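In the two assemblies presented below, chain A is common to both, partnered first by chain B and then by chain C.
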Partner chain A sequence: MSSEARQFGDLATQLVQEARRSTLTDTLLKYNDTLVRSIVREQRQLDTLITQTLAQDVTFTGSNPAALLYQTAIQRNKRCLLAYHSHRTDRLRDMYWAVGGALPHLLANTDIRAKLAPHEVDYLREYNASIIEFRSDFTAELDIAASITHPPKDLHVLVRVVRDCGAIQTEVGSIDFRYGQRYMVRRADIEHLIVQGYLQEV
Partner chain B sequence: MDDDYYSIDSILAENQKIQCTFKVDIPDLGHLDGGHERDIKALSKIQLPLWMTYILIFSDYADFTVPAPFSSRVKNALNAECKSVRLSALVGAGASWYAFGKIVMRLLAQDAARDMGAVLTTAFRERLLEVIDQAQHFAALGHIGGAGQSNDTAAAFREGLDATERELFALAQDSARSTKQWYESTDRGRR
Partner chain C sequence: MAERDHALLESEDALLQSASPLANGLGVTDTPLQQLIRQWQNERYAPEILAGHEAALNVLLDHIRRQSDTIQHLRNDPGSSEDEHFRIMLAQTEIERVKFVVRSYIRTRLHKIEQHARLIVDTPGLQGRLSQTELNHAQRRFAKLTETYFHMSVLQALPEDQRGLDDDAAFVPPMIPEPNRSHSVFVHAREDCPPVPLPDSNFLTMRKGLIVLTPYSVIEPLLADGSIELV
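Moving on to the complex of A and B:
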């Protein structure tokens, strides 16, 4: 059996260390599907071991140190798995808010998309749906996706186009934003384009 | 460091090993030691990660010895001059001496735990001044330490910082930088 070569919980430690590395370097690492699967397999093995140990223990008196140790290892692995996943969802939510809640923009980025597990994409979609439902009650009064680190000082803003983004409907009609041009526009109309990096404030 | 269930730091801190002396035989688990014994025999000494030891100690299957980073030798050194103890060398790179100590405290009896807590907080408080002082002046003065210390002492102290102190050092440096930036910037002409 493979768990004899290594110590219980070693794989789980690797997983948690990956989460820490991700925090330290402030990057999203690729979802480690292989490692997660190996840990889940280790969990099954441990479960079998408990069953076996208790089956052999015919004179069970409520105290069986071996079974207790397997149980502790299972709980440890579970904690590591949960911590890894909660660390990732935290990161994903941060990324979601960093682009002002523009999920299609986030998922269109192939670099990011390649690092996500399928169920993480599902998670983001459902999270997005919940946010949209919450926002819909007061979209006219308040945009909760707006930046709070740099509060706007004017209603209008002078922007420079850093990436083509096509025709956008504004209060003065449709504007076709082309690379290199400058416009004076109403902030509320193009706020999301600044956040997503199409426009730059001058 | 917090004790949150999902805290990555807390999980990694529990990977530190301590020495346990078993009081009972446990069959088929000899591999925990990395050795080739089939079973764990009573009175055998094994290095185990902390997370595995709670249950053994609380169920009275094993005893533990206070790990070397918190031995009386280290305590005496801290009493003499806590700034000259290299915490990072005690627990290994990237690990937190304070977090380790906090966990060991949980395993100790009440009086011993209180003493240990006092050692941890005193060391932290007395070292913190130097940490922040050096962080504030690190960028400005290059490699000269705070409070007119010589170059070497300051550098040695910086190398001896444990993970918690390193984090605080980086934060204090950032804060000094942003304060300077804010102080030198003006809101005029930016609207």
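Moving on to the complex of A and C:
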């Protein structure tokens, strides 16, 4: 897009469209740092314009069409920026819950990691800390981060190991899960491993 | 020891079916589990956060803990017969299913709280609906976390006077979103209900057993006193 044909707010529209596309396709897109920065620049530019306009308007009576125009653009840009970021955090939280709150597992995925901005990683860490605190109130009874997509029908489940994951404590003692093996185990013991992709239900 | 445990499992079984019935004001008594399931359903369909059901929740949590302990005892007891092992398995499965409902209920509420953290922090009236744990999460942690994040990622780069998070500009939606209370819900009347006003100044009177589709705001008071449920 050439700069002369651009209106105030065009960039913000792009940003919101990107968020929309991400929602519709249900994928996490890369954090668009360049676009966010350009919009922030536009905001500063608009701010200077307003100050200038008002400085020139010596007989200011409370309404100045030019300043109003700039002000509206500022408002809109800001809301678009915030909408984009709040869309991002919503997505990140969804992803966090989808892996049962296993943050290290999420961050170890290089594909996902590459799409996150540094402050988004910080956000996830902080969020994780607050959820751990929330969870600690229920640990005696149940793990609230376990799956809530399907109600359990069976106590046990037959699983196939698709990735080595070392020794895991289960109700019948410790099991060393190795690639290719099959086990009949208690669902509650290994559900997090299914979610994280180490085991597969057969 | 073992004898006592076996007896315990039995009595706990009975408990699960009709544990310490709490009167719900309708003259009918429900078990805490039934209450929680209804509450869970309501919570999942209602657009806003409902008053928490801590009493039933705590009874159930205690119950899950006790039941799990008993089962652990019995499993480690070599004297348990084949028949008892079968019963243990049934009890375990039942616990897992109860846990699922409890978990889903807690998570549904958590999700709503996070969606409306700012609103909850700013509205003391809403805070009474939350348990202490939930309130801590909303007030002390989540709202602050979101604010810090917005500040780090966007606001700090903007000129000083654009950094507010509660601007009240004309013709734009408010910055603190409110739940959509005109959202339509399916309502099942659990008893004959007093008439409630509809938006068009007519009245809606529901007989017991009736199912209607109506805006949430219309039936909100009925939901609070438990004479209807969302389906």
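Heads up, the rule we're going with is that the second predicted complex is superposed on the first by the 197 of 202 C-alpha atoms of A that agree within 3 Å, B and C clash if a C-alpha of one lies under 4 Å from a C-alpha of the other, contacts with A are read in each partner's own complex, and residues count from 1 in each chain.
In this text, a contact is a pair of C-beta atoms (placed from the backbone, for glycine too) under 8 Å apart; a residue touches a chain by one contact, two chains touch by 3 or more.
All of these numbers come straight from a predicted model, not from anything done at the bench.
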Side-by-side fit of chain B and chain C on chain A, or clash: fit
Partner chain(s) touched by A:A66 [first = chain B, second = chain C, both, neither]: first
Partner chain(s) touched by A:T23 [first = chain B, second = chain C, both, neither]: first
First, second, both or neither for A:R44, with chain B first and chain C second: second
Contacts of A:R79 with chain B and chain C, given as first, second, both or neither: both
Partner chain in contact with A:D154 - chain B first, chain C second, else both or neither: both
Partner chain in contact with A:T13 - chain B first, chain C second, else both or neither: first
Partner chain in contact with A:L103 - chain B first, chain C second, else both or neither: neither
More chain A residues in contact - chain B or chain C: C
Chain B versus chain C as contact partner of A:H87, first or second or both or neither: first
Minimum Cα separation, chain C to chain B, after superposition on A (Å): 5
Contacts on chain A seen with chain B and repeated with chain C across the two complexes: 76, 79, 82, 86, 154
Residue numbers on chain C that touch chain A, as the complex places them: 61, 64-65, 68, 89, 92-93, 96-97, 99-104, 106-107, 110, 114, 133, 136-137, 141-142, 145-146, 148-150, 152-154, 157-159, 162, 165, 167, 169, 172, 175
Parts of chain A lying in touch with chain C, wherever the complex brings them together: 36, 40, 43-44, 47, 74-76, 78-79, 81-82, 85-86, 89, 93, 97, 117, 119-120, 122-123, 126-127, 130, 133-134, 137-138, 140-144, 146, 148, 151-152, 154-155, 187-188
Touch list for chain A against partner chain B, complex: 4, 7-9, 13, 16-17, 19-20, 23, 53, 63, 65-66, 68-69, 72-73, 76, 79-80, 82-83, 86-87, 153-154
Chain A partner contacts - residues on chain B that touch it in the complex: 5-9, 11-12, 15, 24, 26-29, 31-32, 34, 49, 51-52, 54-56, 59, 61, 191
